[in-house]
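Look at the two complexes coming up: chain A is in both, with chain B in one and chain C in the other.
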Partner chain A sequence: MNRPEQQNSSIDLNQFNQVFFEECAEHLAEMEQILISLADAAPDSEQLNAIFRAAHSIKGGAGIFGFQDMTVVTHVLESLLDQIRNNEIPFTTAMIDLFLEAGDVIAMQLAGHRDGCEVRQEAIDQIRTRLRQVIDGEMTTAPVAVDITAAANSACLHADGGPRFYELLFTPAPDIFKRGVRLENLFSELEDLGELTATAQPTISAGLDENLDPEICTTCWKLTLVTTASEADLRDIFEFVADENQLKVRQIVSPQAAPIQAAAPGSAPPSPADSTQNAPCGTALIQAQLGRRAYDKNELAPGAYGRRGGEGEATIRVGVAKVDQLINQVGELVITQLMVAQTAASLDPVLYENLHRSLLQLERTTRDLQQSVMSIRLVPISIVFSRFPRMVRELAAKLGKQVELKTIGDSTELDKGLIEKITDPLTHLVRNCMDHALETPDTRIAAGKDASGTITLRASQIGGRIVIDVIDDGAGLNRAKILCKAAERGIPASDSMSDEEVWQLIFAPGFSTAEAVTDISGRGVGMDVVLRNVQSIGGRVQIISEQGKGTRVTVSLPLTLAILDGLSVAVGSEKFIIPLNSITESLQPLADSLKSVNGKRVIHVRGEYIPIVPLHELFHLKTSVTEPEKGILVLVDVDGEKAAVLVDTLLDEHQVVIKSIETNYRKVAGTAGATILGDGRVALILDVASLLEMRKSSAFAQ
Partner chain B sequence: MQSVHETANNNQMGLPSEYLTFTLGNEEYGIDILKVQEIRGYDTVTHIANAPEFIKGVINLRGVIVPIVDMRIKFKVGEPTYHEFTVVIIMNVLDRVIGMVVDGVSDVVALAPEQIRPTPEMGAALDTHYITGLGTVNDQMLILVDIEKLMSSEEMQIIDHSN
Partner chain C sequence: MNGKAQNVIRICLEGDWTMSGVAQQFPVIKQWFNQLTAPAEEPVAPELDLSGITELDACGCQLMLSFVRNLQQLGIVPLCAGISESFNAKIRFLGFDRELGFLFGDSQECP
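And then the complex of A and B:
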């Protein structure tokens, strides 16, 4: 019986590895995001430190988890970054690309360990050599000149009212504590002025003994302060605390020293602190401070206990499975609460007033709890958007196009599961824009447009759905070309089709109008995959295009995969949930509003003829209500397509937890999952779009 | 998958494996006990649209949607009646939870490898394809079923084979 235990321990190790993989991927993404955001400018020390931290963490993690090969590249990268950080090597824009490539190599190694992907050793060796070369100073010297001007500029700034360095020697009177002076307040006031370091020295020469009076101050403080404030300001703070002879203030640097040092060839832009390095006296302390690793700096700050600096909000890394379990359990709680409420509803409201009041409270609390728990899974779409700037930048360079990428609504939140699944389709769409839609600068100028094309990614929440638009101002779709290509590929199409129908043709498998197949796109595997992926998560794709002006592809997704507002309806003995966001209205039809077209029944509502979809026919259910005038018609609208679903009666409106049928069974046509009703029974949730599809295919079959 | 190995191992090592036995019509069947999660009574099921007749529908098993298969309908044995004594075996197969309606659950028996005989070609309700062997317990024949293979088969229509 040792076997299971062994298995457990190996699983555990894998779990740790998994954590490393996740962290490593996050660090890589962070690094890339910073590099891209630089947009060819030199990074500030904060950004440089963040990149360094990322590389350092990857290296550390790789070492701990025994992925020695991953430490090789990260080590060289880290050394280089460290030298840049310490201004030993000037930063050049060429390094951005180099770092990006290094990131790719590390990502490749990561994928190799995680998914068993192929790892190309020569790429690893190559990037290592190139990083080495930079460290060994084989970079061109040209960018240094730029750095010097920058340095001079910053040095000039520094001279006019930049921060100054003070050394304060504070020897308080022995009775200072008895006077009720609080030194910590004093120091925090100084800290408000600038960067403060304090060193305490005991003034008694004898060792500590029992006679030591804790109320007598036997310490003097040596303080260094970097501030723009004047000496008088500093003395003000000590006004009621220290006499003239108890406080000595000394300014320790002459600002003029800075420009001379900064102008030295090959030196990088100095931070104000740097300029003190050659100053004659009193700099040892400051230098020592500079030598500390930058990420240690915030470690002593309040709230930073045990954390590295630069990490903004406090977060906890929790496995998705745990969150899902929580969501499930809360779902169960909601169901139980409903069951209790249903039972209690039959009790006399006067006799059981307290019970009813408590139940109302319980309902509110469970709803709130459910909302909070659901929101755990929501993440901002910027996670997806952030990967596009780099892709666009690289593709634009490859294709010789000028492209500007705009993102709107980065903070729109959607379910983590959706984020993972929407990434690939969006990548396809952006690639398509780059390759097919946007023209080269010459063509654009000839067409009277700006040489640089624009791709806009826009995310927003509209009702119960997340809508993501990929908009370009390129050439637009070519109707004639698409029809011609469709005919060539044997895809059924005709000239009489509306524009919308023609645009839908590009979703057909194997369809591509690109004249040349490039390594970016053109193999025609794009759009059908996009459509399939989006549909698999309950989304829809819509295209609006105008020739010469551009194209807008709209992907609309459900807000979350886990919860839904629905209307419960009954057909025979079965109950179904219709998603509320697809319902426009419900009505009891009058006999004279019902018409027949080609033997199919339609209902006439406010000037529109809407086809009737009898649910019992589609699902082969037994019910006494087979005629529309005896039942209820639920008017639904899915992306402009309307239908009237015939059901027996309407029951109630619920917020339901979506459960997958597919976990234990297979996909059921016409449904988007199942839920558990207040009585503990299962009800299927209807997928209106797929219902309409069913109706069409059954109509064709007849 | 672990339990499969364990059973196989036990067999190789000559140790007895345990089987849950149930009746379908006049025949006695056995499935690996490690595949069984629980046994419960038959509850109201929710009908699934356009599913084959032997898939009775889905139930709510403590928040999990579980499909229920009636083997009596599938293999045309016994009487598909539903009352308080109707038994559903909830199984864990292929990382799924599936319920199976049978005529009755009888016992748990341990069978050593030497008690299991290979299957002759014969006309059991189940295709011999899914039968791993025949056991003998108290002079009664027990048909041992590879329930994982059966449930994943195309004819059960539980798993989507189109993808």
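And then the complex of A and C:
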């Protein structure tokens, strides 16, 4: 009898928790975004209120959902923000870092509840102490860094978790100085975590002869640190400076045994004048709203949804799996509609006029429905871009560089699945820009550049693709060194290669390591990994670089992974789909416009010689149309590269639902998937860029 | 204090002793090194005056140490004739105080 009641009382709280987790993450992101956008300026009242509201909402939600531990930091944070709002405590720029760190701690707690990640109690205690010190006036926040350091030390010494004693053996790469890494900045960051003692252990060569290169690092350091921070925190500081072999960390004695001395004011090792705190890190965020909606620019048109038009409108949260299911079902509906349309095409248009009219209406509605459903999965790329200002800010400080980050086209929308998969490659690219491409202020000034470098992230929709550019005004790629490195690694390369071909060499596995000389390569982060990840979602990567002026890495992605507009063509008994966005025109060539260059057929079109790609040869198909003048040439253009695809005939224009051929069959070179046509047959969807690559490859040439 | 007469040579190191400047400093110290290690009737007693240094980093410390250590290996013991407090602090901070400890006291001998 009590069964229904039991069911009611056993409502799955997990789904409510999930709502809290998502909202909490959004509040944290909002808080971080505002803090980062401040650069070093004070927030206006609106910004301050927004930060306060975020902290307040997190605290309230945590209390309601029973995550009491999460109210600990948010409570102190909220109190401090409230007093700042009421002008009881003056805002100082040092508080930006403090609030960001508080946000990190709350995020850690959130991850602990949501994903079961480790939660470091000492970090919670430390940030709470520091926030409390500001409220109590024990910690003045000007000058910024010194006081934060002092607070960190103080918190470290008195934290409930107790300090730990670490010994670090740091053996930097020989080129660490040349890379512009300022060790004093690095050590300052360590010092922020606790009490640091450094001992240099140099290897000095005998004599001061020509063999001695003063810019090569031959010193290693033994560092001892008393801190409450974890080993991971320490390693984080060395993230872009040392790999595993270059940094050994061990905890050597129990916290109690660590010889801790209370750090009296002024008794700590003096920070160098150009320490992290004073290091130029004038990171600024400049945002321009130039993005375009992916599907329809007219918010009021059928199938255009204005989903982001009214941000204040009520929203509902729906699981991604449900949306995906909806997309699949609509995809099937499109195929069915095509089948019906094809069957109806054979019926007399006069006798079945009403049927034909209804089918046309059905086609329009189906197409609108499909676009509407697809748009549910679209999210603005600002979700990815918003993570970079903080990363750039922190890396700039760590590397002793001045960097301005510009983002353009933040509102450009792309599929949620693509967003998730493009985040890592973009992060790698930005990190590589910071670490290698951008020079130190001194080097930049010596090169006649502004001391501050610029990284621009630009998203836009071009044709049927989303294009994301990562642009830096750093040193650019060094052609000679890349060729040299390629030769060392046995990668086929020659001086006669074009710049574009040379830049592609850095995508070779293992090329982009620390000893690699490319200015874009990252230690431990290979460009090959970036390329592989981008290609896995149907994307392409292009590099344009000019030595001394900078580099532009262009990542081009399909709008969505689910549908595309295509032209169906026939070759023999087979049908193919060519994506419409790559087609410029189609023509039946005259014999005198066909030429042969280096043994390859080309067509002369308005002063240009365009290579011919015969599909039947590529896919080994039997057809009666083997000569261009007997068939149709479909001219395609991919990122400026043109080709003329030879087919037997053009059939129709379709919006096709992309099905993975790899999942259901196997990877077929030159294709981007398959689709089911109205007659139920399977047609391969051509990947034009891949086709052009195949044409150039020696295998195809043979 | 063996009473032997010593030829005191004051070496003024100046300018940028960071990664950006070591390439320019290297020929200078090399020249001093060659001069100090050239055959001479009297032993030389170099005094390092570092008060003209405007910038210093780990790369500069390493080069300076290279200079001092090579002199030491030939039995030439430099003295410190002046260094600013901030660079003194920086050398400690970067962990070169053990190797360049003689810089920390007025005219103390190299260890």
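We take it that the second predicted complex is superposed on the first by the 363 of 702 C-alpha atoms of A that agree within 3 Å, B and C clash if a C-alpha of one lies under 4 Å from a C-alpha of the other, contacts with A are read in each partner's own complex, and residues count from 1 in each chain.
Convention: a contact is a pair of C-beta atoms (placed from the backbone, for glycine too) under 8 Å apart; a residue touches a chain by one contact, two chains touch by 3 or more.
Small disclaimer: the values here were computed from a predicted structure and weren't measured.
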Original post:
In the superposed arrangement, which partner chain does A:D442 touch: chain B (first), chain C (second), both, or neither?
Top reply: second
Subject >> First (chain B), second (chain C), both or neither touched by A:G678 >> reply: neither
**OP:** Applying the touch criterion given at the start, work out whether A:P202 contacts chain B, chain C, both or neither, answering first, second, both or neither.
**Re:** second
Original post:
Thinking of the overlay built on chain A, is A:R182 touched by chain B (first), by chain C (second), by both, or by neither?
Top reply: second
**OP:** Look at A:T218 in the shared chain and tell me whether it touches chain B only, chain C only, both, or neither; answer first, second, both or neither.
**Re:** second
Original post:
Once the shared chain is lined up, is A:G550 touching chain B (first), chain C (second), both, or neither of them?
Top reply: neither
Original post:
After lining up the shared chain so the two structures overlap, which partner does A:G631 touch, if you call chain B first and chain C second: first, second, both or neither?
Top reply: neither
Subject >> On chain A, positions contacted by chain B and by chain C >> reply: none
Subject >> Residue ranges of chain A touching chain B (in the complex, touch as defined) >> reply: 3-4, 7, 328-329, 331-332, 335, 574-575, 618-621, 659-671, 674, 676, 680-684
Original post:
Inside the complex, what are the residues of chain C that reach chain A?
Top reply: 18-20, 22-23, 25-26, 29-30, 33, 57-59, 61-63, 65-67, 69-70, 73, 86, 89-90, 92-96, 98-99
Subject >> chain B residues within the chain A interface of the complex >> reply: 2, 5-6, 9, 44-51, 57-60, 62-67, 96-98, 157-160
Subject >> Touching residues (chain side chain A, partner chain C) in the complex >> reply: 177-178, 180, 182-184, 187, 197-200, 202, 204-208, 212, 214-215, 217-219, 221-223, 269-273, 440, 442-443, 446
